[in-house]
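Both complexes below contain chain A, partnered by chain B and then by chain C.
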Partner chain A sequence: MQDTMGNRTMSSPGKQRRRKSYLRRNTMAYWLILPSLLFLLAIVFYPLATGLAEGFRYHSRVQPWLTRFNGLENYVTAFHDHQVWLALRTSIVMVVGIVGLSYLLGLASGLLLNKSFRLRGVYRALILVPWVVPPVVSYISWQWMLNDQSGLIDLVLMKMHLVDSPVLWLSRPGLAMLSIVVVGVWSRFPFMMITVLAALSSIPDELSESAALDGASRFQTFRYITFPLILPVTVVATLLQAIWTFNDFGLPFILTGGGPANSTTPLILLSYKEAFQRFNIGYGTSLAIISMTLMLFLGALYLRMQKRQGVYE
Partner chain B sequence: MSKDIAIDKQRTGLSRSSQQMAQDRARSATGAQRRLWARAESAGRHLALCLIALFAIGPLLWAISSAFKPDSEIMTGLSIIPSRPTLEHFSIVLRDSQFGTWFKNSMLVAVGTTVLAIAIGSFGGYAMSRWKFRGRGLYGNALLVVQMFPGVMLAIPLYLLLTRYHLIDTLWALLVTYLTFALAFSVWMLKGYFDGIPREMEEAALIDGAGRLRILWSIILPLARPGIVSVAVFAFLLSWNEFFFAYVFIASNNNFTLSLGMYSFIQQFSTQWGNIMAAGTLATLPVLVFFFLLQRALTRGMMAGATKG
Partner chain C sequence: MLKESLQRPRFALAVLSSFALLGAAACSNGATGDGQAKAGSGPVTLRYWDMQWGSAAFQNQIKANVAEFNTSHPGIKVQFQQLSWGDYSQKLLSAVQAGNPPDMSGGDSGIPFTMAAQDQALDISDLFKQWESDGTFADMPQWAYNKWKFNGKDVGITWQFDQRAIYYRKDLLKKAGLPVPTTWDQFMTTAQKLTNPSTGMIGLAIPGKQGTFDTDQFYMTLVLQAGGSLADKDGKPSIDTPQQLAALNFEKQLVDCCAAKGTPSWTFTEVLKQFEQGKAAMAFGPGFFANDITKNAPKLAPNVGVLPVLVGPGGQAAAHSVSFANPWMIYKETKHPEQAKEFLKWMMKKENLRKLYASEPGGKWPVYKSLINDPIYTSNQMIQALAKQSVETGVDYWYPSNKGGVGIASLGTGLADTVINPVISGQRSAQDALKDGAQKLAPLFQTQQ
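Up next is the complex of A and B:
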């Protein structure tokens, strides 16, 4: 009897006690995360799991009785669908154009504002306005400014005699894409500016001062000191922006409706159109899964960089 | 490490040329010239910033200005200040649409999202900041990953789920969805602020026998006020500005939010831009006021968020 008791204290009860005290220490934490965890599971992860199954089915709202598991058929169809390739190209052009240009503009504005002078706060607040205005409102305002009937931009261009007849900004494929990129940059560069300002404020002044004392030109200081130091932070923000731009439904949907002739339909909008307008729920979901897989690569990169910046400690 | 080395290398490279530059400067730059140069630089800075700021607020300014212009002036007028300002468009919008209801709906959902995102988010943030529980990394990553899922992917299954619980086409559908997306950043942001609060006070209170929730409420939250302000602004904006889920989930006019109402205006008023812009102005006003009141706190919050993620 005594022997077995002794043995137990040696092995499992010790473990159990440790386990118990671990749980007692952390029960509170588990209660605290419970509500948010429930929302995450119910609103994101459970629907996501059922949605994944949808991507491997033939499911059309028009003929629901034909719904069946069809393996990878949707993906084979997607691979041979030239619309998908066109949409993917559109997505890439949008992401590269919008994120790249808003990075440059955000960097420029951040650098211009990284010095205290009068009106600095005013400029900063004004530049943040696009970030606050409801996207539907701003896209509709842009749509009107780009309008070829009475839009401000064409009126100004014609008054200045730069063009004779109105430029059809939203109904010519190339110009529509250009408009999307400009409006996208407009709505995204304020975020980049704030990121750049935040990164700049964490650089000690002594660094650039001593570089200046050593006779470095402004450009040299930026090129070899400031820029390398802000790069890691801005890369993380850029990745996040790329993901958001790729998933942005509102911009093309409201500004151009994806037209003319699907020239401004990115993959995410095509997926929406398949699922909600053509009622091909299975096929539409499989396109969303394709874009999600592409984003997972960027996402993995994002999480890696976050971890390297030590957010967990 | 490597950064330091790079800087050092650069510094030695620079000091070689610094002598030349010092000579150059001594030869040419007199005090007056330098002052002139500084003034030119300041002017250039203001000019560039003015252009950028104009680009940023131009569309909104033009929208507001058109909202006050009579129809005859809208199609041809290039002036930003209406020559004969009128409130006609505003009264049409308020009379011929359910603008008031939409406004109320948007406000209900946004305020609900904001309050719950702070309450539930501060629980999660507190747990992440003070305990090293198993699964903490997973929980944190799950929150971050939520921001990367395409809405379209979630919309279909979520639509079916909400239908099953009779929440589709109600404001509750929007509330739970926006809340979940708001939690994705509010937990992280609040964790960041809580991390900065020293633990000594908490420990003293624990010894005095205060419970954790009480400590969170009466010690931690008051100290994290700037963080709460920025979470509030983010959550409010997310909810107020969201379009896609509202567009998929809400069908009846009574339950429209302002974003949906605005979108329906393009159909209803097609090319009556004056009316559309008046509605847009009204829809933007609350967020604009909110933003300018809390601008300082918000910028600080965004900057902290930008470096922390």
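Up next is the complex of A and C:
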């Protein structure tokens, strides 16, 4: 029997027999994955489905009598909410600034530490420190260092006579955002460095040696051989970092509390404040769903790019 | 063999039964997890949840009080559970939603309203009558019990005040030949005159950071003194009002002239540090500052006083300080209301509360007026002044706007985020910020129809 494409297909009874036999042979496997499946349903899919439903309700924990299905009202409110747009802009600035700069720094460090020199292992280990320190600890430390009255950074700048008065790192909108980006880059670039380093170590030395024999400069070797070869890894690493940064609640929450004047409140922090400080679970969840949708879109976009760049693999 | 047995339907049944049993066990655990003993099977068990109020000494004392109650009341066993500040309200609300609230709990100054609005607070009017007749209420500021009237019920009782005040350097005022300010105008003049950029001295240290409750408290002190409130007597929000505008403009002027430029990123931590380092002439802060200054800046402490409550545009009648009334309440779902009331009554006894206050002198402020003359409060001049203010002029954001209690409790850091921080950081005008605040926060005040 052939289908329209000319492929051979099984007859229906044969197909059923095969399926039964397949199920009989794999029964044990199904039983073994059943507990995990049930746990996944309970702790992932059920909360996710409940969360999605929450986004379409007016639900305030302190006004339960007002709880009702309100369709797209939360999303319409969000669309007209100035703070949501400001938060979205803040999220994008954080992602672009932190991911872009941490990648550049990670790439530079990776290229440097890929060379052979004494104590290379020590330097590699030291650079990993920001990544190893628990984020909350490092953010609180940075908060103290950036404090305008007793912070180490202002103290050093003033001692060196580089500034006359303390720089208000966390009290001015522009400087507060800059501080968040700097702290974000500091804590994330080691991950980029490790990723780049791993990708670089997989490139055979022969390739760059051949290029050198052909008269390629160092920049040309990097531009036409090294970078294309580490690009697939780069895409995945930056995608992950973009998602982590977009969803990073701790950094702005600890460092600035989202201020001054909401200038460092990303969408995820706004969602938290709505849901857990103002008890507006429905609206807060709708903001989280918007955030998740954007992440899915970003994920799909990057995966598409990665597929296109698969030619280098 | 094993494979065969796994493939048998009986095995499938056994696995499913196990899950069903596990589920049933979990459910039954939830149902009886409150430890409520059946009649005749031993003492009645009450669950009492409260937050981490203060130091370890205080926590030990509250446990000791509970243990003492358990010993003196063999028919009742109180199980104490401490909640963290980070998520206590979520835990209480979740417990209520799950139909498994504690029998009694503490909470912030709005929790009983939040619970009462959901019909979860037990009416303790009978206890109120007893306290009224036995003279207990005569020894309390009137608002400490009137505050808890909600929809004709008494839904909680104040066990302590959480006082806020302005601390000042007596030596600096004396040196500058300035009188102790008692009005807004004098306060502004004093702050201006004591600000000296060349020495790094600021006239006033206040919190202004977004996302923290610290920021609301100085602003609300000014709002109260301007004669304003967060809700009117009908429970409708009163955010965009001339009184709030006066308070916001005054705070902005103070920040511009006399506070640190970094104020929009400051919490009480920075304020206290600045004051203890001798770099601020005045500082707004909680009652525990008195203890901290005495302990960590002993040389400075004798020169520190507590400003009298300022008279603002609201006049003498509105001369209030912020003093949060911290409540205890009983939940309507309790299976043992009489035992819970017995426990609450015992906890509220002056001698038992005194033990709590004494465990952390200068950390807890008395609900009983007569206790302000107790050695707990008279041994330190700052603590004495604070105790006096707490019972004489203290009031919180809720009183007398009880009907708006739910809305006020739901503000979170909304005032700091939407109104105060944007103005003091120069990003929004006072008028616009109040409009933003009214628009953003008003829906929280919707009441049950």
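Descriptive notes on the structure:
As a convention for this text, the second predicted complex is superposed on the first by the 265 of 313 C-alpha atoms of A that agree within 3 Å, B and C clash if a C-alpha of one lies under 4 Å from a C-alpha of the other, contacts with A are read in each partner's own complex, and residues count from 1 in each chain.
The rule we apply is simple: a residue touches a chain if its C-beta (ideal position, glycine included) is under 8 Å from a C-beta of that chain, and two chains touch if they have at least 3 such contacts.
Not measured: the values here are computed from a predicted model.
Touch criterion met: A:M28 reaches chain B and chain C at once.
For chain A, the partner that touches more of its residues is B, with chain B and chain C as the two candidates. Once chain A of one complex is fitted onto chain A of the other, the partner contacts of A:G174 are absent, as it touches neither chain B nor chain C. In the superposition on chain A, A:P64 makes contact with chain C only, not with chain B.
Within the superposed three-chain model, A:F276 lies in touch with chain B and with chain C [touch as defined at top].
Touch criterion not met for A:P204: it reaches neither chain B nor chain C. By the document's definition of touching, of the two partners only chain B reaches A:V137; chain C does not.
Of the two partner chains placed by superposition, only chain C is touched by A:D148; chain B is not.
Touched by chain B in one complex and by chain C in the other are residues 28, 149-150, 276 of chain A. Every residue of chain A that touches chain C in the complex is listed here, in rising order: 24, 27-28, 31, 34, 38, 60-66, 83, 147-150, 165-166, 168-173, 176, 253, 256-263, 265, 273, 276-280. Remark: chain B residues 3, 6-7, 10-11, 14-15, 17-19, 21-22, 42, 45-46, 48-49, 52-53, 55-57, 59-60, 62-63, 66, 74-76, 78, 120-121, 123-124, 126-128, 130-131, 133-134, 136-137, 139-154, 156-158, 160-161, 176-177, 179-180, 183, 187-188, 212, 237, 240-241, 243-244, 248, 258-259, 262-263, 265-266, 271, 273, 276-277, 280, 283-284, 287-288, 291-292, 295-296, 299, 302-304, 306-309 touch chain A in the complex. By the touch criterion stated above, chain A contacts chain B in their complex at residues 25-26, 28-30, 32-33, 35-37, 39-40, 42-48, 50-51, 54, 105, 108-109, 112-113, 117, 119, 121, 123-130, 132-138, 140-142, 144-145, 149-150, 152, 155-156, 159, 186, 190-191, 194-195, 197-199, 201-202, 207, 210-211, 214-217, 220, 224-225, 228-229, 233, 236-237, 240, 243-244, 246-247, 249-250, 254, 268, 271-272, 275-276, 281, 284-285, 288-289, 291-292, 295-296, 298-299, 302-303, 306, 309, 311-312.
Those residues of chain C lying in contact with chain A across their complex are 3, 6-7, 11-12, 15, 19, 89-90, 93, 97, 114, 117-118, 209-212, 260-265, 270, 273-274, 277, 279, 406, 409-414, 417, 421-422, 425, 427-428, 440, 444, 446, 448-449.
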